[in-house]
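So, here's a batch of structures to check.
Same chain, two partners: subunit A is paired with subunit B first, then with subunit C.
Then we have the complex of A and B:
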């Protein structure tokens, strides 16, 4: 589903090949900056590659990406971050050798043009919002999985994103931990941050996503209201081989 | 014996100063800069040139040469090393090896085979000394070099730990891709780090020139001492570099005591022993053990 967006993302005809493997095949996608979009699909569908493409992790073989009507196709990840598009990783990648506070501070200092005092305030807000006050002075490499995921989120939030790209942030968490994480993401929605969230745990995703996209073999096979997408026969066949609970 | 230990510590300060830039580039950019020795000889020649032709004291000349070397460092990273690093871990090593040969031959072509020294341009300081206690003297330049090494290493440590730019460089050193997605420009951060490393190389060039003589091909031995001090002290630890330099100098002193020609051999033997110990203690396969021995494994 694509349409011109004056305030949001517009990706047109995205193509990415890794060698002879075609990972993104003419992806067309758009979202408003205040939307929450979930992306589902089987492993190898191209979900993370799409997220990486939107975040500027690599150059596309073809296609264009507009952010608020500005062409960002050639812009690197740091420039896109400065414009408000930030991603988290499926496998958390904290900066080892730094405390949680330093990890978030470095993002607050460079993710957005902020003076020292503002960067500190953004850092404190992001740590508080992510529920990491109790571990703020711990070395990042000593954290458990939930706190590492929270740190990914806190670091992204410190850059003052307009659109947040979440890659399986609930993966590997317990039910109770997922509930905490969803509460945090709901708070971000209340603050007007747009979200694109890849997640295999569909019932967690549906607590936040207002729109669902399903990908398979590098293509978008369904896009729309979540229940309609989940009941789409093509999605059922490609994703589960059966009904989605 | 006390005298020898004191002199070894002072020599260790010189090695630490030599190793400072090499260690910084290795730990931050993961680049073994084989042109390090040649670059510090270049800095020495620049200081000599300013002193000889413009009568500038090498200490004043440092105010010109340091920013110039920083500019060279920035340009090397931005236009040469960053591009060669895309070709894998080996390519930057070959690139800096080639760069060392180019620098050496250009210096030889321009300045000839004569040795140079900065000592004549620093007045009495080159031979003055303090008497610590009965019969034990320490050269003033050696003490100043040790103090300079401590100040530079301490300043770099503080800079890396306490400043936003330092945190930016640390984040880039750990994971340039992740640094990019939180708004850091990894290329810029690495270029700044290279500039800083070359700034310390300028000061090392001064130390090289005031301690003795140098010629176009003096870079090799300086690189060797810097490399051994860095590895002995542990890559990534700036204070470790100081300790590594002192341990290397102590080993050389012990070697010289055992045999008149054992000075260099003492350092090399210690270096190899430390490498072997790390290889044995490290876990994992051969590749991981090799990286751990040289300080590259995480």
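Then we have the complex of A and C:
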């Protein structure tokens, strides 16, 4: 589904190879800035790589990315964050030697133009939204995996994103915790934040995603209304043996 | 939704840090008055201590806060001394030469940073050693220096020896205080938190808007400038410039020792490490080779068994935060406690 988007992301013909492995094969993707898009696909399909490409984590081998009609293909992750596109990392990357508050403050100070007091407010809000109040002063290296994932979310939120790219943040949550997470994401949706969310736990994802994309072997094999995508024969085949819930 | 964010506030100073700053101020005043009552020998030794403090603080900023471990910072120590000789040779006052030389070192370090900061981890560390060796060779090519014979900062003779000692002492004390204040200010600022974020995870820092290149360049230049000041001041106090002693990797060994023992990544740690090194040197340096071997062994022991150094241990045990560069979230009704 590629169409001109004046307000949102438009990625055309994305190609990324790691050595001889072709991880993104001519991906075309677009979304409006206020959409909520879920991405599923088997392990190694290239989901994280697509997210990294959109976030500007590496140079593409081919293709272009427009954000609100502005060409950002050559822009680094830092510049894209300043333009409102920020990502979380599937494998959390905390600033180990800093406290949770300090981790998030870096994002609040550099992700968006804000004076000190505003940055503090953004930081505290992001910490609360991610449910990390009780560990605000903890050194990040002492956090468990769940809190590390929450920290990824908190840091991303503190940059006041317009489009938020989430990479498997629901894994390992209890039922109650995923309800809370969904509430948080719904709240962000109400604020008009666009979301791309990679998630293996499909029933959680579908509470937020209005549109679903399925990737397999570096290609988008289905894209559209979630139930239609899930019952698409190609998608069923891609998951054969793996099993989609 | 808003209860927690409204019930807390951000604290940067602690009561103990206020006392610590007052105490540090008093110590500085006392040290500034020392020429009135201290012996020349003591002033000379204290001058060396202040230079160690500068070196340790700069290496700690670079490695402890910025994650840029270098074994080539003697490059800037040597250049600081070399340019002082060069500028003084033009007929300028030796102390003005010191200031200009340090500035030149800062300026020169910028293009060096553009090349060297492309290297990561061990490559950067060793690459800096290579830079130091190349600069050492280049300085040796300058006819003025007379190769490894060396040259003296003869213009110091315009001052009588007691006056000279006092000027050097006070200049070094002032430089140390000024450079420590500069580092404290930078590390406590927004830039300081970016420096630490880059150290911990450059990719993550970039993804939340930090610009790693500029930030690292700034840190690199500050550290080079500070070590340039140290080299230039060392020359005024030693008077003779011998390239091989100034560009020696031994200086890196000293810096690493001071920072590892005192506490890497702790502002107070570097200062403590310099004092410990100074005492060890005062008491044991006459034991020659064994002195160097022991320094190395102690540094390794610390990094294995007490990785946060002596200050890290004190901080953990007694919750001391004298010169905090970080942030604490505290509940509004519990303001002004030292507790985490």
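One rule holds for everything that comes next: the second predicted complex is superposed on the first by the 239 of 245 C-alpha atoms of A that agree within 3 Å, B and C clash if a C-alpha of one lies under 4 Å from a C-alpha of the other, contacts with A are read in each partner's own complex, and residues count from 1 in each chain.
Operating definition for what follows: a contact is a pair of C-beta atoms (placed from the backbone, for glycine too) under 8 Å apart; a residue touches a chain by one contact, two chains touch by 3 or more.
Predicted model only: the values in this text are computed from it and were never measured.
Q: Subunit B or subunit C: which reaches more residues on subunit A?
A: On the superposition, C touches more of the residues of subunit A.
Q: Counting only touches as set out at the top, which of subunit B and subunit C does A:136 meet: first, second, both, neither?
A: In the superposed model, A:136 contacts subunit C only, not subunit B.
Q: Please indicate which partner A:106 is in contact with in the superposed arrangement: first for subunit B, second for subunit C, both, or neither.
A: A:106 contacts both subunit B and subunit C.
Q: Who does A:197 touch here: subunit B (first), subunit C (second), both, or neither?
A: A:197 contacts neither subunit B nor subunit C.
Q: Which partner does A:98 reach: the first (subunit B), the second (subunit C), both, or neither?
A: The answer is both, since A:98 touches subunit B and subunit C.
Q: Where does A:78 make contact in the superposed view: on subunit B (first), on subunit C (second), on both, or on neither?
A: both
Q: Which subunit A residues contact subunit B in one complex and subunit C in the other?
A: 55, 57, 76-78, 81-82, 86-87, 89, 93, 95-98, 102, 105-107, 109-112, 116, 155-156, 158-159
Q: Considering only the defined contacts, which subunit C positions touch subunit A in the complex?
A: Going through subunit C, the ones touching subunit A are 1, 4-5, 8, 10, 190, 193-194, 196-197, 199-201, 203-212, 265, 326-329, 340.
Q: What does subunit A use to touch subunit B in their complex?
A: 55-57, 76-78, 81-82, 86-87, 89, 93, 95-98, 102, 105-107, 109-112, 116, 119, 155-156, 158-159
Q: Please output the residues of subunit A touching subunit C within their complex, sorted ascending.
A: Of all residues in subunit A, those touching subunit C are 55, 57, 76-78, 81-82, 86-87, 89, 93-99, 101-103, 105-107, 109-112, 116, 120-121, 124-125, 128, 133, 136-137, 140, 155-156, 158-159.
Q: Which residues of subunit B touch subunit A in the complex?
A: Result: residues 164, 167-168, 170-171, 174-175, 177-186, 298 of subunit B touch subunit A.
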